[in-house]
Amino acid sequence: MQQKFTDVLTAGLWKRIPPFRLVLGLCPSLAVTMSAENGLGMGLATAFVVTLSNGAISSLRNVIPAKVRIASYIVVIATLVSIVEILMKAFFFPLSEQLGIYIPLIVVNCIVLGRAEAFASKNPPFISMVDGFSVGVGYAISLTLIGSLREIFGAGTWFGHLVFGEAFEPMSFLVSAPGAFMTIGTLLALQNLFSRWRGEKFIQG
Amino acid sequence: MDLVYLAISATFVNNILLAQYLGNCPFLGVSKKLETALGMAAAVIFVSVLAATFTWMVSTYVLRPYGLEFLQTLTFILIIASLVQLVEIIMKKMSRTLYNALGVYLPLITTNCAVMGIALLIAKKQLPFIEMLVFACTSAVGYGLALVLFAGHRERLQISAVPESLQGTSIALITAGIMALAFMGFKGMA
Amino acid sequence: MSEIIRMVVVLSVIAGFSAAALTTANIQLGPRVDAQIDLYVRGPALERLFHKPAKDVLGNKVVIDVDGVGIPVFYTLQDKVVSTLAIEAIGKGGFGGDLKLMVGIDLIKERQTGIEVVSHSETPGLGARIVEIAFRRQWQGLPIDTPVALTADGGAIDAISGASTTSRAAVNGTNSALDFVRERKAEILKLIAER
Amino acid sequence: MTAPILLLVGIAFVAAIILGIAARVFYVEEDPRIEAVVDLLPGANCGGCGQAGCSSAAEAMVKGEIPVNSCVVGGNEAAEAVGTFLGYDVTGAEPTLACATCEGGYRAARKYNYSGLQDCRAALQLYHGFIRCENGCLGMGSCRNACKFGAIQMSSATGLPVFDPERCVGCGSCVAACPKGIISLVGEQTKILHWNQYTQCLSPCRQRCPAQINIPKYLAHARKGEYAAALLTVKANNPLAIATGRVCPELCGTECRRQLQDDSLAINAVKRFLADWERESGERLKVPVAPDTGHRVAIVGGGPSGLAAAYYLARLGHRVEIFEMMPKLGGMPLYGIPEYRLSEEQYNWDIDGVLELGVKAHTGVALGKDITIRSLKAVGFEAVYLAIGLWHGRLLPFEGKELPGIYSGIDYLRRFHTEEEIITGQRFVIIGAGNVAMDCARSALRAGASKVILIFRFSRELMEANPHEITDAENEGVTMRCLLSPVRFIGEDNQLTGIEVEQVTLKANPGGMPDVTPIEGSKEIIPCDVVIQAVGQAADLDAIVEADGIEKTRFSTIDADEETLQTNIPGVFAGGDCFTGPRLLVEAVASGRFAARSIHYYITTGEIPPIEDRQREMMPPAMVDSLTNVKQIATRAVKPMIPVQERIGDFREVEGTISEEQCRSEAGRCLNCGIYCYDQDELPSSETRTATSCPNEPHIVEKEKDTVAG
C-alpha cells in the first residue's frame, strides 16, 4: 500500500507527466502559457479538477452503468469545472479573464477524462485522488515551465518581474501562437533525448 | 459584408487551431495521413454546425433568459456528447459507407475542444442565428483546412531524415508552429 | 429494458446533484463575481474617465433595463447634481467581435469626455490600437447631440490606419450610447435620485 | 434552485432515454473482440493514437493495423492488457512476429548510387529504388525507425534487418513502414497457409520445389548444425521428410545454380540426413499446434496427400479423421514403392508423426462401399478431402490379356505389403519405363526371378523413371530393350509362355510424343512366365460418382477447381493423384497442404481467398546463366550404397544416409540464392552464409534454446 502510494504519487511527476510523457492536454498547454503565471493558474485549476473528479468518479464507479459511463463522467467533470470557473471569477478575476474560455474547456481536456477512465474507474477513491493530484501537479509544473520559458525569452520577464533588464530585446514571437508550438516541440525533443540517454525502452513517438 | 468579414476572420485570422489552439490532441493524432485528416475535417464541420445550433438554442432561449449562464459548461458538454453519440449510432446503422468515411471520427469529436470551443465562443459573443451558423461553419472549415494542410506536411515528414529525438510529436509540433507563423500573416488582413 | 431505466436514473440523479451543487455555488459566490467584474473590467476604464479611484466610483451604479438587457450606468455627483455619466456600450462589428466601450458624458457641459475600451478582441498592432490614447482622444469635447462619424463618412474621427472596421465599431458604439442617453436621460436621473 | 435542477435533470433524462433507445434500435453486430478491447482502453476518445476514437482504435488493434501500445492515455498498462487479451485469445488468434523475406542485403546488385534521404520510402521514389531486385531490401532501416520496441537492428554484416523475437510484439509498424512490402507478420498459421508469391524473394530451388520448402533456410540451419531448426523448416512444408528424403527426384536440384559450374547440391541427401537424425534420436521434435477449433474434417485416403492435409489441418487446430481403404496407412509410397527404396519401418515414422498430432485413422474403409461423402457429412464433418489416389493399374487390351500371369505394376508391388500371395516366376517381362516399371523389375530380381526384361516402345532418352533408378536397375541385371512394342500375349494350356513384340521406329512429332511406326517383319517372341504392365494408373471413380454425384474429367480423375481444389460439391475437396493424374510423392504432399489451406478457410470463414501473385512458373530473373566469384567445390555428398551383389534377394534399403560431416559440408556449398543474388566468395562468407532472413519464427527460437543448444 505504502509502495503503491509512493508509486502513484510520483508517477505523474515524471513517468507520465503530461503533456510530455502523456501527450494529452495540449490545447491549454499551448494556449494559456503566455506567461508563467497563466501556466501556473491553469495547471492548478486542472489539478484541482482532476483530483476531485478522480475522487468523485472513483466513489461512483460501481454505481454507473457502462453505457452511460462517459456521459456520467463528463457531467461530474463539467460540474467541477463550473465550480472552478465560479471560484476563479470570484477570487482571481484577472487570471480568469486571461484564461478565458480555456477554463470551461478543461471539461474536454483529455487528461481529466483520461485519468478518470484509466485510473479512477478501477481504483478506490483515495488512491485515485492521489493519482489525480500527482498528474495534476505534474501538469501544473509542466505548464509553469512552458509559461516561464515563453515569458522569460518572449517578454523578458518572469511572473511579471524583469529578468534581463531593459536592454533585452524579447523574442516576442514566443508569446504568440507559433512560439507555443515550437516551445513544446523543443521540450518534447529534449525529453526524448533524455529518455534515450537513460536507455528507456518505451519512447513516446 | 459583415458575414464575409466574420467568415474570413474565423477561417484564417483567428484560425481555431493555429491561433486559438483548440483541438490539438486530435490534430496531432489524425493528421498522420491525408485521408484520415479529410475524414476528420468533414466530421468536425458537420458536428460543429450541429452542436453550435443546439447549444445556441439552449443558450439563447433557456440559459440567458432565466439567468442560468453558470450552467453553460455543463449543459453544452452534455448536449454535445449526447448529440455526437446519437449521430454515431444512427449513422452506423443507416449507412456503413458514410460511417466509415465520417462516422468513425465522431467519438473523437466529443472531447474535441474545437467543437466545444466554437459553442463557447458563440455564447460569449452572443451572435445572432445567421452569424452563429456562419461562424460555426467557417471556424470548423478553418480547423479542417489547417488539419488537411498539416497532414500533407506530415506525410512528407515521414520520409525525412529527422534527428531521432525530434521524431514523432516533437517535430510535428514544431512544424505546426511554422504553419502558425504562416497563418499569422493573415492578421494583416484585419 | 431495465438497463435503460438504470442508465436514465443514474444519469438524471448525477445531473440533478450537479445542478444543485452548481446553483449553491452560484448563489453563494454570484455577488462576489459581479463585484469582481466591475472592479477589474470596468474599474480601469472608470478610473480614467472620472479621474477618481475605481472603488469610489463603482458604488455609483444604476442599471437601466433595455429590452431585457441591463445596461450599467455609472455617475459622479458634483454638489449633489449628476455631473458625469459613464455608459457601457457595445460597439458592434469589430473585426474580432464586438467591442465593449465605456462612453463618458459630461451632462453639465453637454460634451463627451472620451471613450474607454473595456474589452475587445482585435488584432494586435491593428485593431488593437483602439486602446491608444491618440485615437480615443478625438472624442474629448465632441457634442453629445450630434452623432459621431469617421472622416471617411464626413465626420470628425480619423480612423486607425488599416483598421477602419474597428474604428467604425467604436463610432457605432458611441452613437448607441448617445442615443441611449438622449432617450433615457430622465429615467437615468430618476433612478440616481432614488438612491 | 429548482429551475436549474429541473433543467439539467430534464436534459440528462431525455439524452439518456434517446441514447438508450437508439442504441437498441440501431444495434449493429460487431466482432466481440473489438468490444472487449474497447473496454480495456481508457475510452477518452482523445485521438492521440491517430485513430478515430477508441472504438476504431480497438478495431485496428484487433486487425493488427496499429500496435497495442498506441493508446497514449492508457499507457503501458492498457497496452499490456490489450496485448494479453489479443495474444492469448480464445478464438484462435495467435501471436505473430515480423519477418522479412529479402536475402539480398549488401550482396544485392545496385542500379545506381544513392545518396539522398536515408529513408527507404524516399529512396523508392527515385526509379523505384536503387536495388536491381524488385523484391529487394533497400536497407535504409525505415523499419528499424518505425519499431517502437527496438526489436529491429540493421545487421552490419548483411545490411538486412534483424528481428529480435524477444522484443517483437507483432504490432506491424515495420510492415507499414516498409515500402517494398517485404516484411510480413508471420505466425504458425500464416506459415502453413502461405504459398509462394512473385513478390517474394525465392531462390530457384524454392521456386521449383512443388512443396515450396524453404530450401536455403534449412540448408543454412544444417550447415550450422542446427538440425532441429532445419528439420522444422522442412516440416513447415513437408511432413513426410523420411519418405521424400528417399524417393524424391530432386526437382530443386535441377534448378540449383551450383550446376552452372560444378554439381548441383544434393539437397535431398541433406533432407534425408535430417529426417534420419530425428528418427534415430527416437524423439520427435515438437511442432506448434493451434488450440482446438472444434471443426471436423474427414480425409479420404491415407496416402501422402491425405497425410499431409491431415498434418496441417491438425496443426491449424482442427479435428481430423482419415479414412483409408487399405489395412494400413501410407498409400502408394507404402504399397507401391518397394522396401529397398523406402522401407515400411522408416516410413512409419512419418505416418506416426501425423497421428501423434491427434489425427484419428480408420483403415479398411472404402469410399463408395463402406462410406459415402453424404454419410461423412451427415455425421458432422464440415469438409471432406478426397485423396484417394490412383489404385487401378491399366492393362493393355491385347490378344491373350485374360491369361494368368499378366499383372499390373501396382497389383504386383502391392502384394509385398498385403496378406496376398507374392507373384513369383523365373522370367519376367516388364512393360513400361516409369519408376513403377523400374520398381517392379528390381523387385522381381529380389523376389527370385532369374531373368528380367524391360521393354519400352520409345527410345532410352524418353524413359520417365529417375535416371539413377534406370542405372541401378541395369546394374542389378535388368535387361532394357527399347523401341519394342508389345503385340500379343502367348499362352499354352491356359498358362502364359511368352509375349510377342515388334521393333518400331520413331518419327519426331513436334509438340508431343514421337509417332511410332512398326518395322515390318521384326516380330519376335520373348518367352516369359510373368508379364507386369506398368503402363499407367487410373482411379476407379464409378462408385463415388454414382453415390455422391461428384464430377470427373475425361481422364478419369476427379474434377476440381485448380485454385481451391474444391469439387462440384461445396465443402468437398480433391487433391493428389486422383486429381492430377500420376505424379510425384512431393507433389502429392504439396497438394495436401494446399487442400489444408482451402479447407481451413472454408470451414473457418466460408470462403477461400485467392492467393495473390501466386508463383506458378519459374521467375525469369532467377534464371542466371553464369556465376561470378564462386569457388568450385564438387559435391561430396554421395550416398553410400550397398554393393550390387548384396542387393539381390534382399529388400534392404539400397541407398544409405550421408554422414553428418558430409551433410554439413554439402549444406555449406549452398549459395544462399535469392532472385538475383547469391553468395560470392569475396564477401565475408562466414557472415552472409547464415539464415539471416528471418530468425524471427517462434518455434525455431524456442527449439534452438532447448534442443540445439543441448
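Read from first to last, the chains carry the letters A, B, C and D; within each, the first residue is number 1.
Here is the rule we use: contacts are C-beta pairs under 8 Å (C-beta built on N, C-alpha and C of every residue); 3 or more make two chains touch, one makes a residue touch a chain.
Only a predicted model underlies this, so the values are computations on that prediction, with no experimental measurement involved.
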Given chain A and chain B, the chains that contact each of them: C, D
Chain occupying the most central position, where position means C-alpha average: B
Comparison of C-D and A-C (more C-beta pairs in contact): A-C
Where chain B and chain C are represented by their mean Cα positions, the distance between them in whole Å: 31
For chain C paired with chain D, centre-to-centre distance based on mean C-alpha positions, whole Å: 85
Where chain B and chain D are represented by their mean Cα positions, the distance between them in whole Å: 55
In chain A, residues with contacts to at least two other chains: 23-24, 67-68, 70-71, 75, 78-79, 82, 86, 110, 113, 204-205
Chain B, residues touching no fewer than two other chains: 25, 28, 70-71, 74, 78, 81-82, 85, 110-112, 167
Interface hub residues of chain D, defined as touching at least two other chains: 4, 7-8, 11-12, 15-16, 19-20, 23, 44-46, 48
Chain A-facing residues of chain D, complex: 12, 15-16, 19-20, 23, 39, 42-46, 48, 69, 72-78, 148-150
Chain C residues within the chain B interface of the complex: 15, 18-19, 22-23, 25-26, 30, 68, 93, 95-98, 122-127, 162-163, 165-166
Residues on chain A engaged by chain C in the complex (per definition of touch): 60, 63-65, 67-68, 71-72, 75-76, 78-79, 82-83, 86-87, 89-91, 93-94, 97
In the complex with chain A, residue positions of chain B that touch it: 18-25, 28, 70-74, 76-78, 81-82, 85, 110-113, 116-117, 120-121, 124, 163-178, 180-181, 183-184
In the complex with chain D, residue positions of chain C that touch it: 3-4, 7-8, 11-12, 14-16, 18-20, 22-24, 27
